[in-house]
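To start, the structure under review is shown below, and the notes come after it.
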Amino acid sequence: MNFLSYNAQWVLLSTLLLGMAAGVVGVLSYWKRQSLMSDTLSHAALPGVVLGFIAVGTKQLPAMLIGAAISALIGAWLVLWIRSSSRVKEDAAMGIVLSVFFGLGIMLLTYANRMPGGGQSGLDNFIFGQAASMVRSDVMLLTILAISVIFLVYLFFKEWKLALFDPSYAQGLGLSVKSMNILYTSLLVLVIVIGIQAVGVILIAALMIIPAVSARYWTDSFGRMLVLSAIFGGGAGVCGTLLSTLGKGWPTGPFIVVAAAAMFVISLLLGTSKGLLVILYQRKRAQLKRQNTILAEQAVEGGRG
Amino acid sequence: MSYTAWILLAASLVGVSCGLVGVLLILRRMAMMADAISHTVLLGIVVAYLVTLQLSGIHMFIGAVVAGLLTAVLVQWFHQLGVQQEASIGIVFTTLFAIGVILIATKAGNAHLDVQHSLMGEITFIPWNKVLLPLVGEVPKAVVSLVIVLIVILTVLLLFYKEWKLTSFDAVFAASIGIPVTLMHYVFMSLVSITSVAAFDAVGAILVIAMLITPASAAYLWTDKLSIMLVLSSIFGIISAFSGYYMAVLLDTSISGAMALATGIIFLISFIGAPRHGVIAKHRRGHAKSTATIN
Amino acid sequence: MDAAIVVNHLSAAYRKNEVLSEISFKVMPGTLTCIVGPNGAGKSTLIKTMLELHPRTTGEVSFLGQSYRRAKTKIGYVPQRGSVDWDFPTNALDVVLMGLYGRIGWLKRPRKSHRDQAMEALRVMGMEQYADRQISQLSGGQQQRVFLARALVQDAEIYFLDEPLAGVDAATERIIMDTLQQLKMKGRTVMVVHHDLQTVEDYFDHVLLLNRTVIAHGATADTFTDHQLHRTYGGALRWMREKV
């Protein structure tokens, strides 16, 4: 199997870690009830990626990632500002930022593609993701970033739990919810930055939404949900990457998303905590119990009569 | 009509259709549903293409409406199974969109469909693909379908104006006086789908979202009357189409990208400068209030 | 006299949990009944289930001897104030007009006579000078009065109100209660979800004590007793009564 070359192994490792990082941050988003914020910010990252390229002139990943982070953060701040200081609601604010930033990104992309060397830069890969286009140094950088994301979630485990479950109580205990929010947004942006090359700006959100929701079907515990979501995310990353290597020029992102969606469907059906089969079984049992009590009551009443 | 005029006409038609539908979208707090549907119509178009092997108007419309309704039904279904609304939208649209992209990459690739085109649109090709109509003469196909969609939207919107208003404002009360709220929801989702697909072909998925959500949000900041909001939103759509086009020509860049940016600029102006609901007006009022309390 | 509302063995669930179980009661016309019970007792759910806005698992409900679907036009409903977006681009008069949409019918627009009717309802609620106000510029009490005016123009036989007195000023509370008393005098049937135990005896002639099932139901004098309240609220009652 020649696709498991030395480079391919590294690429696999980085999509595994990317999936895990997205999985754990996704759990935070799930409990913040902000699942679509990741979608908004990833679209908002596009102009930054291209500006990073334009500024440096060649395809240098670090510059593009810094650009992505800055423009995603501006997007996050704009959503917050629009929502808090006008009657426009959060969903519309997200839609505005998402589409306007993406439009700006496309404008810049058209411009960059005309620059010398721009056409071959593979900038278009940032839209749907092309894991195979990563070189060794990119992989190293992304791996380190992904590990630090996972580590930061682990390090503040009990703070997250408190801040997500009961923010006002957390505030009362002296935990700064504001700094937790800043940390959360930074982690969100970091995952987007790590993910855009492999999964692309359009679909990276899926990797932050689907594993977390799938994990919810297996457990009620926050800790176990984090672990499971990391496993699902990492699994989807690896499966999707392998699948996309089967054809020439196939984009990685969509395959990762479909792999994650398959895990969601399995969780939805078989999940031990809220899965459909479990609920069906419980409902049947409750119904039987109710019928039995009615029968018993009737028997008692009949006895009286 | 000249080449430029056709492009401007097509983009303005997109602006008006999206502007009208967009008002109801943001009032129903379904902006992200539009994001979802504008992506998933891609799957409908691809499947319609794979089944019929042609990219004709009516097949694409049917495929798109089915895909749009499927999105709405699945989102609702997962939500009923306990998935948060937002997460449910996220799961459904990314998955369906991903399937669409994979089908293009593996089956329909390079032929007549490509993903880049569907995201960014190819508005510059619109004037070349014409049909001959009786009385009017040669008209670009995209303009014909956009006109039909606009007529459908206007008819449905005006005929049931008061029902749209009520179900958007207070769905619970609407249901209690016997208005079929669920049916209207799915009719509305169908409207979003046909708007998306007609606009999609002309300007791509992303501009559809920009045109649906941004001009309507800007209009929301200028008025407290629904009818005026609908008119303003359409006007903002047309202004975005024109200014975006000339900006793109000036900078020699993507037309649909520039139109999306233009909607953003209009929103920014409204957000800052609108009377009463703009940031400056609010700031002034806050200031006036605090001086009043001091006095 | 025939009962205005008959509920038989009504049950409802929210997701997996049963929130209402085996609810049965009858309400006579020309009565003013309040539904009281602790938080989470299912008060709003009871109304929503009766009006088929929430699915029921078992049971039947009839209004004036008819099914809900047939009696729909004879029922007025005032949802909780928090259930709508007050930033919606519409004014007070427009909201009241919405109460007539059922009668105006499909494909028709409201006419001058409808407008006059809506204006009259606003006047009854003391709100005519606010007719053109955008609704977010009204106070909580004024918003509630607009909602009640919308119910009044429906000219229904049976009214359901969900917490109409929550967070309203004293003037609004008086206007709303006067209006409900007048409806009762005209032989209409009114059911109100209510949270303030102190005013129950002054405002309502019937009480339905609810905690997932009917604890007690009947004339206020016989039903609103310490014993029944204790059964409804359990340990929480002492604290609630001490506030009195």
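Going in written order, the chains are labelled A, B and C, and every chain counts its residues from 1.
We adopt the following convention: a residue touches a chain if its C-beta (ideal position, glycine included) is under 8 Å from a C-beta of that chain, and two chains touch if they have at least 3 such contacts.
The structure displayed is predicted, hence computed values, not measured ones.
Undergrad: What is the set of chains touching both subunit A and subunit B?
TA: Chains in contact with subunit A as well as subunit B: C.
Undergrad: Centre-to-centre on C-alpha atoms, which chain is most distant from subunit B?
TA: C
Undergrad: Of the chain pairs A-C and B-C, which one is connected by the greater count of C-beta contacts?
TA: B-C
Undergrad: Averaging over Cα atoms per chain, report the distance between subunit A and subunit B in Å.
TA: 25
Undergrad: Take the average of all CA coordinates in subunit A, do the same for subunit C, and state the distance between these two points in whole angstrom.
TA: Once rounded, the distance between the two centres reads 44 Å.
Undergrad: Distance between subunit B and subunit C based on Cα centroids, please, to the nearest Å.
TA: That pair's centroid distance is 38 Å.
Undergrad: Please list all residues of subunit A that touch 2 or more other chains.
TA: Within subunit A, residues 87, 89 contact more than one other chain.
Undergrad: In subunit B, which residues are in touch with two or more of the other chains?
TA: 29, 82, 220
Undergrad: Show the residues in subunit C shared as contacts by 2 or more other chains, in ascending order.
TA: In subunit C, 85 touch at least two other chains.
Undergrad: Per the contact definition, I'd like the list of subunit C residues that touch subunit B in the complex.
TA: That would be residues 15, 48, 51, 53, 72-73, 75, 77, 79, 83-85, 88-91, 94-95, 98-99, 101-102, 104, 106-107, 109-110, 134, 150, 154 of subunit C.
Undergrad: Residue numbers of subunit B touching subunit C in their complex, please.
TA: Contacts found on subunit B: 27, 29, 82, 159-163, 165-166, 168-170, 172-179, 220, 223-226, 228-229.
Undergrad: Can you check the complex and tell me which residues of subunit B touch subunit A?
TA: 26, 29-32, 34-35, 39, 78, 81-84, 86-87, 89-91, 94-95, 97-99, 101-102, 105-106, 115-116, 119-120, 206-207, 209-210, 212-214, 216-217, 220-221, 248, 251-254, 256-261, 263-264, 267, 271, 277-279, 282
Undergrad: Once bound in the complex, which stretches of subunit A touch subunit C?
TA: Per the stated touch rule, the residues are 87, 89, 279, 282-283.
Undergrad: Which residues of subunit A touch subunit B in their complex?
TA: Where subunit A meets subunit B, its residues are 30, 33-36, 38-39, 82, 85-89, 91-96, 98-100, 102-111, 124, 127-128, 202-203, 205-206, 209-210, 212-213, 216, 247, 249-251, 253-255, 257-258, 261, 264, 268, 274, 276.
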